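Got some structures for you, see below.
Next, two complexes with subunit A in common: one pairs it with subunit B, the other with subunit C.
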Partner chain A sequence: MPLSSRHLLGLQGVPKEDIQLILDTATTFREVLERPIKKVPTLQGKTICNLFFENSTRTRLSFELAQKRLSADTINFTKSGSSASKGETFKDTVKNIEAMKVDMIVVRHESSGVPHYLTRISNANIINAGDGRHEHPTQALLDMYSIRERLGKIDGLKVCIVGDIAHSRVALSNIYGLISLGAKVSLCGPATMIPKDIQRLGVTITHNIDEAIANNDVLNVLRIQLERKAGTNIPTLREYHNYFGITSERIKKNNPDVLILHPGPINRGVELSSEVADGPFQIILDQVTNGVAIRMAVLYLLGTRP
Partner chain B sequence: MRIKAKIIDEIGLTRTVTRLAHEIIEKNKGSENIAIIGMRTRGEFLAKRIHKKISEIDGSQPELGVLDVTLYRDDFRMRLKQPEVSVTDIAFDVNEKNLILVDDVLYTGRTVRAALDALMDLGRPNSIQFCVLVDRGHREMPIVADFVGKNIPTSINEEVKVKMKEIDSEDAVYLVESPNN
Partner chain C sequence: MKSLFKGLNLLDPEQNLNLQADLLIEDGIIKSIGDINQKEIQDCEVFDFTGMYCVPGLFDMHVHLREPGREDEETVQTGCNAAAAGGFTGVACMPNTSPAIDSAEVINLILGKAKNHLVDVFPVGAVTSGRKGEGLAPIFELVEAGAVAFSDDGTVVKTSSILRSAMEYCLMFGSTIIEHCEDESMADGAMNESFTSTQLGLPSIPTIAEDIIVARDILVAEYTGGKIHIAHISSKKSVELVREAKKKGIKVTCEVTPHHFSLNDEYVKNFDTNYKMNPPLRTQADVEAMIEGLKDGTIDCIASDHAPHSIEEKEMEFIYAPNGIIGLETQLALVISELYLKKHLTLPQIVEKLSINPRKILGLNIPKISEGENANLTIFDPAKIWTIDINQFKSKSRNSPFDKKLVTGKSIAVINKGKMYFENSFRLV
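Presenting the complex of A and B:
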């Protein structure tokens, strides 16, 4: 069965079967990444544009690598040094790129909803690589893949998302995806960083990091996003670390079996101590490797969809 | 789907597997440097049976792998249905090995073409030999099998259905009328 949509805009409302199909397909590509020649000819002749209006290292490189390993042709657009800085409107930029016969567009933008808008002005398959504080579906998919790879399942697991929930698109995509696959999701962070009424999505809230570590199988620890003015919601980074930072002592005291995920880039000494960031409880670099496989799976499933 | 004939029955299939195993050993002068690779789905089970037979004959344990060629197909743009991918599982080094590629039916030769590309991406084998249970003709690629269980001349409106107990209810090969007619 193909995916039910020809775009990947977010995980909200995406059928459970679609999420499972993406995770299962990623297993195939995970094997390709272990080969001496890490490339398959599947998307030969497809042209993909990476439209990045916001800074990114991991996601952009990961998408580009995934496209190259599927033999697609790629073109990259970044805001700085482009005609967007000469005052061209977003719609004109997209129309011009599409006139070059592009099949798929991977888009990142600081405004929520841009990928949805793109589907109205373009005929390409649209993949959301992060829009504002809305969703970042491929990050959530690779998080779920990494959890499943390590613990064998998602259904019934207790997962806590820790940190700056209010500014995080990773949090929202994780909440939708994890709940859809049957996990019990909770949030942990200072009250200023947890949006009002978010319990309506089916999550519980705690403000005590020791409890969060003790009561969960997995902690997905988010970055304090200083570029999104997260600093105004906490007194100091040091105080945040004292109350919510994850340290080896806290893990050993509360739950030595807990699995730590982090989407990167890490603020060492803020949300994670360096010891935890490099330690045995985390799978941060596995997440990066799996990210390429997940993005190959999404590109394959959308790019070959009849 | 109307069955026109049962071409191979259970005993026949066992005999054919035995003969193919002997032929593979004969051609390779033993089974020392060979590795057997089954093509999903039914080629995988056929490969396992041939592998078992070879070990019974000369006591060796050649490497055994499974190949999924979906990512190498040439008909992505033409298909109305998205093919399901599954995982290639070849846990050994193919370099310098004599690979025996195993499939159930040889028809246009396009799947074998895809398999050759897939295998080349895994390394540089010493040789690749192709073993097939049924060759039904109508080739569209310059491909010939090294080991053939049975040659069955077919018309283009017919199909060859291989049944294997591992996933079907019986061991048999049928000639059927193509459902597209």
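Presenting the complex of A and C:
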């Protein structure tokens, strides 16, 4: 059974069966990654372009590795900032890359909607590797994979996404995916970091981190963007840590069984204390390994889709 | 030169005229109205316009003609052609050109370019020099040169103190300040703030960014006794503020664009930059408030905010793309399709909002359908069904979200200054 779409633009509206298919396929590739020879010939002859308009070494490396493990040919295009200010327009850049006969494009951009726009100007399969504050579907998929790997299921779990929801691309994808697989999703963060009317997606909101830890099986803790102008959403990072940071004392006091995820890179002493970042509650490095398997699964399913 | 128009429905709400009759125009003057036998008139061109409506020439008080500065996007000439094709005999053009309309030279340049065109062009002068929000533009000089109102459109008049000065200064001429209402400290976004912006992850502009400035401007108008006109009103709360202010007798008027009474922010969902404008498309509740405001008279007029942009600039990542769409050639059809056919407004009300009121706000002469008057007329067919095609536009630009939309209502001809635009060409009447 193939995926229902030839692109992966986000998890909004993606059928549950598709998400499950990706997670199940990733299980197979996860096993490949444990072999001495970690390479399969599945996407031999396919050319994939990683089109990164924003710095994101981790995501790009993860995609690149997944492509190499599947024996695809990879080209990288990295450019930051507005295309308008750099002479060549985004459309011209894409048309140029398209002329090199690429089969798939993995795209990262600071503007929401760029992957959707790409589907209108390119014939390649488009994979969204993060657009603005919109979606980052492979991150959510690897988060769900990691939860399922650790807790055996998603259905019925209580998952809280903690932090700057409004400026995150990870939050929305997680909300869509988790709800679709039957989890109960809540959000925890300062009121200034919760976007308008997000409850309408079927999530609940708390501003109390102790409650969030106590009432959930999983906390997916988002990175606080240090580069955001100080004082606009939160007074100081220190105040953030004091009232929303996850510490081992808080975990021990409220819920020693809670599982901590973090998409990385971590700001130690801000959203997580160092002790938590290195401690037994978290699965942050598993997420990184699983990320390669998830991206292999997505590339494989889209690249071999009839 | 004599032209006879047969079978028109003459509609002029200012004179309580609603009459089926023929119209004879001679050298640009309305010669006679009534049952005219063409055999009795020699050397006369005859147009059978049976069933068409003939109204005082339509007027769009908010267009961007882009000249001087961005002649690649629009010129006075192409903008006027678009106006004529869309059924307009007059436009007021906004001062955010390059250089801005903040000197008599720029006004003279624009008026010079427009001089021989059928469409009347009335420049709006900048409130502040270079539209920078710092010092007043030479308003006296601009009035003398022909500015009909003042605005820093594209941006808000930055401080309350300069707005107050401008309003007081304008009291000397009775000129209106046209305000682009946007609190810049809250307006760093690409769409309206709502559940939709949350779902799309786009940086957003809350309606209060508009409301706060509308409230400020009403207070300044009340205090100074000056006249304020709210451009492209889009938020429900702002309409309420204007409604209350009018009740108190404050001199405030406002306009709405066709996109703000016909589209809501859910249209942004496919990230098509032709749905990116400023103010942004709002929620359905706001759209309904626009229609309510039009019905009860809170909203005085309809204007397109015709904002041409090149394809290269508009075909861009959503957050970088410029704001605005062109509207001169779609406006009448959207008004008829969305307001007349849906029974929100009658044709006389539409004529008020598209012809009479904008001229009143700017203090211009109002054309009359009456013997001996200059013929300044729009003839349109409110029942004509057609499909909008951006490639047929006379405008130099193509940025419209209404391409391929099936609409009802079309301008057939416009007449002004002894000229007529009909079937894609100009001729004398």
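As a convention for this text, the second predicted complex is superposed on the first by the 294 of 306 C-alpha atoms of A that agree within 3 Å, B and C clash if a C-alpha of one lies under 4 Å from a C-alpha of the other, contacts with A are read in each partner's own complex, and residues count from 1 in each chain.
The working rule: a residue touches a chain if its C-beta (ideal position, glycine included) is under 8 Å from a C-beta of that chain, and two chains touch if they have at least 3 such contacts.
None of these values were measured; they are calculated from a predicted model.
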**OP:** Once the structures are superposed on A, label A:184 by its partner contacts, choosing first (subunit B), second (subunit C), both or neither.
**Re:** neither
Original post:
After superposition on the shared chain, which partner residues are touched by A:198: those of subunit B (first), subunit C (second), both, or neither?
Top reply: second
Subject >> Which superposed partner A:300 touches (first subunit B, second subunit C, both, neither) >> reply: first
Original post:
Of the partners subunit B and subunit C, which touch A:60 in the superposed model: first, second, both, neither?
Top reply: neither
Subject >> Per-residue touch tally on subunit A - higher for subunit B or for subunit C >> reply: C
Original post:
A:2 contacts which: subunit B (first), subunit C (second), both, neither?
Top reply: first
Subject >> Partner chain in contact with A:112 - subunit B first, subunit C second, else both or neither >> reply: second
Original post:
Does subunit B (first) or subunit C (second) touch A:133, or do both, or does neither?
Top reply: second
**OP:** Using the superposition on A, tell me which residues of subunit A are in contact with subunit B and, in the other complex, with subunit C.
**Re:** none
Original post:
Can you name the residues of subunit C that touch subunit A in the complex?
Top reply: 193-195, 197-204, 270-271, 312-313, 315-320
**OP:** Note which residues of subunit B are touching subunit A in the complex, please.
**Re:** 68, 71-72, 76-77, 79-83, 85-89, 117, 121-123
Original post:
Which subunit A residues qualify as touching subunit B in the complex?
Top reply: 1-2, 25, 27-28, 31-32, 35-37, 39-42, 45, 300-301, 304-306
**OP:** Give every residue of subunit A touching subunit C within the complex, in rising order.
**Re:** 12, 82-84, 89-91, 109-114, 116-117, 131-135, 169, 172, 195-198, 200-201
